[in-house]
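Chains here go by letter, A, B, C, D, E and F, matching the order in which they are written, and residues are numbered from 1 within each.
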């Protein structure tokens, strides 16, 4: 009944110890980490953003944070792929969920950027769990306020730089056009990875290029491989502050059925994890994993992938915190 | 490849003949009926309203109309329970779907009431397929414009007369408070049927009664039975024009898992069908079936129930058309 | 690894003992009973008929026998509702599956009636597990050969006395018209129970009545209750040899989602079990449970219901064997 | 991000306010109630017992507490069926989960009775969420220590008074035989409700009666109705301290597919809720809801039913606390 | 309510505009294209063939056309992978479904070849959506009548050149043996791609080779890669008229669970799309996508893959039309 | 109804002939092979081990053997990838299931090693179907008794060389530490393949290496490819007797959702099959496929993969038998 968190020699409070409390027991904070209010301070906050009023097809990403947290109970504290124990080298906490208005997108975006700003600060980093992709805009607003223009590394089947949809400027198809227009994104130093599937018009690609994005298509992977993708990303972002935004639909629907706008021909989870690990050493300041729609998931396949991706992002951030 | 609709001696065009074209073939209009543009005129229109931006918990009712239509392919043309062939005594058509803005509730409501008004008229009746329960408000606005105050017979686990939610006046929890405030509903002549589950406060019931609704709880069924429920409904509405609004969650989750805010202890589909049939002779002018969320359905159980309910509503309307 | 069947004082071989071999272990014969070839003789045979080439909508009942057998592993040997241990008072065996041609309905029917005839005999009774409802025709042919005209008690949402479908005389919608035409069914002494849902024409009911069937609709249950249904069945069949045919869609889709042509407003499994138990003392000579389509089932809900129904049918038969 | 719990005039801390924080947001404590460590004292504790090493067929009830908590987010604070706001008249808390050893039943039972004893006390009541039915034994041990012999009201398809299984004395099929042997249960003042399905032997019923249990079968409901069941329960328990144990499989598989040993012919959730409400005024001292196996659930149907049952049990307890 | 199709400068009528009518609204024609009867003429017809009476294991492909159409609502009009807007350079229409007899394979094949012949003509191409693989035989008959011997490019886990099955010459395991025997296929210029899994006998491969097929196994991909596969296909077919037949089970079950005879070790959807795109410039005259069995699909994963494959096939055909 | 097994010129009895009895008919022995008691002698036995009391997260592998057998009905007798008809060159039988105590791990392990020992012997090989990974320990005990130290080739996401868990020495996380300690495994000649996902501590890898295992991580595949993996395996095991143990979670959750402790970033089924085939010529003496948990599977994707893996293992063993 009592939950025994691991306490590290570094003084940091780690996850509930899986050898003392079964992994299926207890309240599902991310990776069974302490809540923000349970420790005096933190280096990295995991913030849930249960908001999906910006979706154009299958809704349900509002249940994404709770599904990812439930799946994250399986995570253990040492990451051999990056040879780091992220919860030991940084104090990571679960900061709970933003209360975003489900009926008013503008209000919701303000609540999200407010919550993010409150968590971000000197030596304080943020990983957000969506929610639909609309939420990346307020995150970038908060990050920009703290760090200036951000080099965005955006994993997705879709460009998400469309203009408006049914007259709405802020939906899950538009965050990065708005961000570019607002100058939040470092022009010429950002990249989409995993793009595929039909578009509205050839101009979609041209417009996107004009906004300053490098576009790495899913089919490019077959030619340049994971090392080639990593190289392009590193070349684009350089030493700028980086935000990584992962739309889970960058994975093939086989790996991520639980999402709203699936497109065939996507990445495998092994490819995506390898690309992330190839980004070690970049100046990461934030990350999000979005568009997990649990009603379409099966056996937590999508949520487990999202939890593992968030864990590797936390590992990248932890060594910087 | 060619679809052979039944042509009745009455001159009316019926469904595609299931003995010539298998039921799983062809475009799924409701009950395989002709589209509105395929016949010169109509008596009753079936209108899809794929809108779910008003939901507070599990979304997905935007896919309700397509799911109900797919399930409705199993319907046959003669209704023995009411001893009527609804598509023979009235020209019923599928009027397609309203294009409701998914990001702006007010705009969507206008589009819905506009579409409904355009279909309603002298001798023209409407059955709407939701969508979430928000859509009943614009339907009542259109019906009021045509018929004056409407006696509402509302099947639901929930009252749907709450005030605002997150500041929004029009959501799926509020349509009938708004309707009452706007005078659309005949005060003292409307009823909720199937109410159950926890509320926010004892005052919820008092407020509702003050708005003029008769409240028949699910547990009342155990005492007064279907005949008692029918009697109370008939007593309440009298000979006023009636709109029947069925939130599919009036059924127990066993009968309707595919919905957004399930409550245990609900009606069986046999009970609900019997109550509807008990309403024969009332002055029905419209109906809706809402809150079917297919992502949570299994084997079309919920959609089949919704299709059968819509079919019995059409049968009631057809003899009046 | 060795399977220990219970051996009764009566000399009969019962199911594998669940206290020695876990219920999830071993080959899933029906109720873990011995195979026909494992015992010298038998009183009642359970025969699988994996055939679904006669279906008009959702196929898959070919997997019905294996699904029902898997679900039947949960059955225990004493039936308190009938106060009988069916496998102790009769030697019941699993006779395996008929190899029915999936591409030629006529050939398949011959194979089924052949297999049934081989199992039926003096003191030998048969319970068949479908398969779609087409299979009841060859079963009735075999039963007629052994017993003369059969009083049929037919539980179903549908009449199954339609004429032809796409020119085919023998499908799952026609077995009892063919059976009536062939004189297999005792005219005036058979009944449908649970009928509901739309028909093609009012004449469907008239034709059916002319064929000599008593029709007890699902909605009649609300008026006459289980005792009334039992009374009508008993009045119809008298002391004639009875075959009970249960189309699982007689149950509401909530209780039997795994079937091909679901209709809302059906029976509960408790009602159906009570009706069966009310038939004690009738002269049962055979039974079938059909139309279980496992691809549409969930958590074995449908298969468990079918297994329990078959078990109560076996209990009725066992006291006669 | 901050969770705003309702604060009542009674000084008690209620659930997170659903009008300020969407119901799908935040950590899923039961009914969004405060955790035990968040308030100074409590009247009733909700305790999760994620343990399923005692199951004989489909496992997975170890995930029951988290599934019921997730479904309980839909609960609102006022219970109109009992006309009580349970979280206002009593301080109810979520006490988290017991860390029960998944590999050693005896150790697990000790941990459970220890955790329960620590929560039970003068004016302190307990509702446990299982877990499999094995857990009722340690709960009864703790209750006996506090209250002496307990009148047990046990809702289940199964008697759960079998002796041993594979040599193990404590499994989910044996808790009430052990409890009777240990004298924990008030002999002659306890009842099973909802019993059905095949047994091993006629003697199972006789043995059970000898242990002093009144047995109300599922089929008895068809004769005596809910009022008759309530009357028998009240007659059995009188004014003794009562523990209510609900195995979710007392519901028909249509209402509770997510369980381990389903039996057709069960109760509806409306019947079960009505029976519980009929127990108002009895001297309840504890309750459990067990055998929810989420891997077999669909759309949270089972978990929603379990959450509602727990809520009505809490309402009964709250007026006594 | 009105559906606004895009109207191109070329005079062609494109899909319903997704920016004016949400993608989940309206009747699901393929890619929301106009129906054949809605435009004066067409270049390419998409024809549904809901027929599955030829399957040997899991049935249900009769629901394939409706599932693929539903999933195709997500398609947008510009294909960046082939740099073409297929609905702008060709008038593509949805020609509805063939009414194929579900009980008589021979009659069904005649109906299918009749419907195909009626759609094929000078400058008129066809993409068929199955249905099971039996339907490729009548398609090849129609194509042969128009173009002479056809070079077949056949993606499948299975050879589909078995002889008879249960005496039936035309099933989903035999279309290409029949086609070869009838001379419909250009001997020595056709290829299977993706073959894997157990066979009946070593002779299966020898027989197939004697019929003139090149066989590219799934495991060959590991050696020669996508470029090697493309090269072999191009070498085989040369400049002959090509029909592409895709059995969705060529994909690994992870990518296409919704099919009847799954085999582990298959292609990824990215590999298959890349191979198709490598076929640009070949003389395509027709295509089919078959064996989508929606009852076994999850979250439309299989149907989305099929829709994307059909879209890329249409893109290849459009530049030739 | 009679099952016709293929009878080979070698005198061996093969599977039931799929051209005479449809694959969905009959009792599901593995690959429809004869049972052990149906033939006089055998070369290879397939043994089910339905035991999952050793799992730490999602249970249900007790239903693994029955699910794999059901999926194996699709297997045909000739394996083109290895150019062998395994059931013709060796007499393979289904030896049924071990009756393992679900409540006492030690007793269960004894039953399993006893059953395995009884089947293993001169010229007699064993393939076991789990069950959770705990079962590999008693299998290795039996193999060691027959062959001395065994070179283990272990495919898994996890090392399974942890020490104790909740005080239990034998769980699904510990079999290979126990085996190494007992000297069952040939030190320095065994390998893990597919390792990935978070660990408890860096020391987990060091401890494992000290126990003498070669560790091939999933990410290594991206560098050395299938040929590199095969080379390392062959180098490690040399000509020692080899047991292959496949935890199905070595596959990515996309390929094997139906398992208990999924980890993203795994192998594809094509990679794993290719590695197995690369092991031809090694001195295999046994194999197991474990951790298939059907309650989490979809459309038999996991069970089909497991059945195919077991089939290729049987093919490797058959040429040695």
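Note that in this section a residue touches a chain if its C-beta (ideal position, glycine included) is under 8 Å from a C-beta of that chain, and two chains touch if they have at least 3 such contacts.
What you are looking at is a predicted structure, and each value in this text was computed from that prediction instead of being measured.
Participant: Chains shared as neighbours by subunit B and subunit F?
Facilitator: A, C, D, E
Participant: Return the chain whose centre of C-alpha atoms lies at maximal distance from the corresponding centre of subunit B.
Facilitator: F
Participant: Counting C-beta pairs in contact, does C-F beat A-B or the other way around?
Facilitator: C-F
Participant: Using CA atoms for the superposition, what rotation angle relates subunit D to subunit F, in steps of 5 degrees?
Facilitator: In short, 180 degrees.
Participant: How big is the gap, in whole Å, between where the Cα atoms of subunit D centre and where those of subunit E centre?
Facilitator: 54
Participant: What's the distance between the Cα centroids of subunit A and subunit D, rounded to whole Å?
Facilitator: So the centroids are 39 Å from each other.
Participant: Measuring from the mean C-alpha position of subunit B to the mean C-alpha position of subunit C, what distance in angstrom results?
Facilitator: Here the centre of subunit C sits 37 Å away from the centre of subunit B.
Participant: When you check subunit D against every other chain, which residues touch at least two of them?
Facilitator: In subunit D, residues 22, 24, 56, 62-63, 102, 165-166, 252, 254-255, 268, 296, 298 touch at least two other chains, as defined above.
Participant: Just say which it is for the chain contacts: an open line, a closed ring, a star, complete, or other.
Facilitator: other
Participant: Kindly provide every pair of chains that touch.
Facilitator: A-B, A-D, A-E, A-F, B-C, B-D, B-E, C-D, C-E, C-F, D-F, E-F
Participant: Can you check the complex and tell me which residues of subunit E touch subunit B?
Facilitator: Contact set of subunit E toward subunit B: 1-3, 20-22, 24-29, 35, 47-48, 50, 62-63, 65-66, 70, 95-100, 102, 115, 118.
Participant: So in the complex, the part of subunit D that touches subunit F is made up of which residues?
Facilitator: Those residues of subunit D that touch subunit F are 52-56, 58-60, 62-63, 101-105, 107, 165-168, 171, 295-296.
Participant: Using the touch definition up top, name the residues of subunit E that touch subunit A in the complex.
Facilitator: Residue positions touching the partner: 18-19, 22-24, 74-81, 83, 85, 226, 252, 254-255, 268-270, 273-274, 277, 298-301, 304-305, 308-309, 311.
Participant: In their shared complex, at which residues does subunit D touch subunit C?
Facilitator: Those residues of subunit D that touch subunit C are 56-57, 165-166, 196-202, 204-205, 217-219, 221-222, 252-255, 257-258, 261-266, 268, 296-298.
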